[in-house]
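First the structure, in the form of structure tokens, and then the observations on it.
Note that the chains take the letters A, B, C and D in the order they are written out, and that residue 1 is the start of every chain.
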Amino acid sequence: MDAELRGELVIIKDQKAAALHEKSHYGKFNQDELQLSPMEALYLQEKGKIEILDREKNGTPLSSDVMWEIVQNKGLLYKYIVFRDLRNRGYIVKTGFKYGSEFRLYERGKSPGDGHSDFVVKVVNEEQNISISNFSSYVRVAHGVKKKLLLAVVDDEQDITYYNVEWTRP
Amino acid sequence: MDAELRGELVIIKDQKAAALHEKSHYGKFNQDELQLSPMEALYLQEKGKIEILDREKNGTPLSSDVMWEIVQNKGLLYKYIVFRDLRNRGYIVKTGFKYGSEFRLYERGKSPGDGHSDFVVKVVNEEQNISISNFSSYVRVAHGVKKKLLLAVVDDEQDITYYNVEWTRP
Amino acid sequence: MDAELRGELVIIKDQKAAALHEKSHYGKFNQDELQLSPMEALYLQEKGKIEILDREKNGTPLSSDVMWEIVQNKGLLYKYIVFRDLRNRGYIVKTGFKYGSEFRLYERGKSPGDGHSDFVVKVVNEEQNISISNFSSYVRVAHGVKKKLLLAVVDDEQDITYYNVEWTRP
Amino acid sequence: MDAELRGELVIIKDQKAAALHEKSHYGKFNQDELQLSPMEALYLQEKGKIEILDREKNGTPLSSDVMWEIVQNKGLLYKYIVFRDLRNRGYIVKTGFKYGSEFRLYERGKSPGDGHSDFVVKVVNEEQNISISNFSSYVRVAHGVKKKLLLAVVDDEQDITYYNVEWTRP
């Protein structure tokens, strides 16, 4: 499927884009065009699902190097690594911004429309310190909306360790 | 029951001390005397189970203020607050040192002798930063011995929030 | 070899980068580009192995001052000093995150692929206090995976003292 | 064998005391009497090797409770716990004062006279923090006299965890 880089987003006008959106919940529809975030676009490009054409260069295909660069230059490296891993595991991955986290996840078969996500995902890298106060706030928000918090730690080798964190009464 | 502050410990010589040890797993027996840690002693004193006598003052009772001071001077304030709360909830609370944590817990009815503890408890306070690397280490030790990690956060009002933390594959 | 600072990482697209990765186990390959961590990049820059170009300034070389700043701003000063020293001694140095430590080491001739690392390395600086409880946790993790724990203490003059710490029965 | 509490020390005048000293290296000889430290005396009393008589009470035997009390009141509880454990394991245990530590150890069969001790032992309890600077100084002193440093950590249940710490070059 052909897509096109336009400013911050990657756009697909192909009618088949509807399936990408309805079945796999990529992007946002706006006036018959599907708008993908850079992470979504890079992921679909890496999977060979879309080809991204560069308008400014007469529509020649963008190499995935260039998409990587765009994602990295936005400081989304660790976030993308986790996004990719979770998509690979079959989750629908949407922004967790409203929950103060990076992602919210929908399990296989569920969808953002008809159900609740079960997880919010906080992404950190191994060099970071977490203040207990932030930690507490991530869990509180997740718990308040009845989701579980996944802490995803990306290490120096780009491996991810996941921790399930729940508020509890022992 | 009468107890006595002696050096690092509080000692009970009363024969009834055996029940405290055998049923509730307080202290360590040594030569017919029960040796309580300062936290155990303060807890039992606060509960009205023991009276701690001050030898140097002709055996007059020590106020719990003095025991609090001893516990705080050892830097055990947050640890004690969590200890007390967990004891109040019915757990047998023993040191978690060998697991790199503050406590290990035995559920109501189980005992350090005949079973395994289910939880190790790491105590932090809300002002702390926790390095992701230490966090990883706490979870790994707990996971390695098939226990759950409880992170107990003590806030400025001495309220405790508990988090259950588990290594997971989403 | 030319490299490029991009977001969190330093990227090498040169085909010769493959040798750096395969023989010396630097970085992670992604789509024909080698992604180096800031510490790896600074090390290779200090060794004169790579030149890091600054895109935003028409590809003029970044001075190592700038890379130092990046590493320090991430709070990696002590960690880098130990990284450099261990690389200088011939070790392959990879993250020790999953072991709750800073590094794991592979001896000369061995590699992350075909063997086990023998050491995990915990980095501290001379100003720190280390709680006995954390100390216990570091040793326990290392012991549990049959590795030796190296405690690397960086002093004010950036000299490093290494201690081998093992759980023992005397 | 009869002994007698006298001020800080426990004294044995029995001629058989020579064997205790020569074979097992307890105490110090002074003018035909063997002077035991309170820890040595308590240990030998617990083992049933000596009976300690109380001069002030017409030579009636002191209960081991009283010796425990003396040891505890001197703040030697943790030190005694380690002393006892090491003696039980067959080591000759002498003061490590000159090495800035609690004990120096001689292995079975060796003696303080004709050989070197192999270990110095630093005793801490689980509540303590160790400053890296003290840690470094313990190891340095031990290394300077070609001994190994044993760190003996006494936990709240009076169990001991031993760590072997050596200065090393990786």
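Miscellaneous remarks
Rule of thumb we're sticking to: a residue touches a chain if its C-beta (ideal position, glycine included) is under 8 Å from a C-beta of that chain, and two chains touch if they have at least 3 such contacts.
All of these numbers come straight from a predicted model, not from anything done at the bench.
Looking at which of C-D and B-C shares more C-beta pairs in contact, the answer is the pair C-D. Each chain's centre was taken as the mean of its CA atoms, and the one lying most distant from subunit D is A.
The angle of the rotation carrying subunit A onto subunit C, fitted on C-alpha atoms and rounded to the nearest 5, is 75°.
At the interface between subunit B and subunit D, under half of the residue numbers involved are used by both copies, so each side presents largely different positions. Looking across B-D, C-D or A-C, the pair that copies the A-B interface, with over half of its contact pairs the same by residue number, is C-D. Between the CA-based centres of subunit B and subunit D the separation comes to 29 Å, rounded to the whole angstrom. We define each chain's centre as the mean of its Cα atoms; on that basis subunit C and subunit D are separated by 43 Å. A straight line joining the Cα centres of subunit B and subunit C is 39 Å long. Shared contact sites, meaning residues of subunit A that touch two or more other chains, fall at 125-127, 129, 153, 161. Under the stated contact rule, the graph of chain-to-chain touches falls outside the line, ring, star and complete shapes. A list of each chain pair in contact follows: A-B, A-C, B-C, B-D, C-D.
Those residues of subunit C whose C-beta lies close enough to touch subunit D in the complex are 86, 89, 91, 105, 119, 124-133, 135-136, 139, 150, 153, 161-170.
In the complex of the two chains, the subunit D residues touching subunit B come out as 46, 64-65, 68-69, 71-78, 125-127, 129, 153, 155-159, 161. Considering their complex, residues 6-9, 11, 13, 28, 30-33, 35, 37, 39, 74-76, 94-95, 97-98 of subunit B touch subunit D.
On the side of subunit B, the complex with subunit C involves touching residues 97-102, 132-134, 136-138, 140-141, 144.
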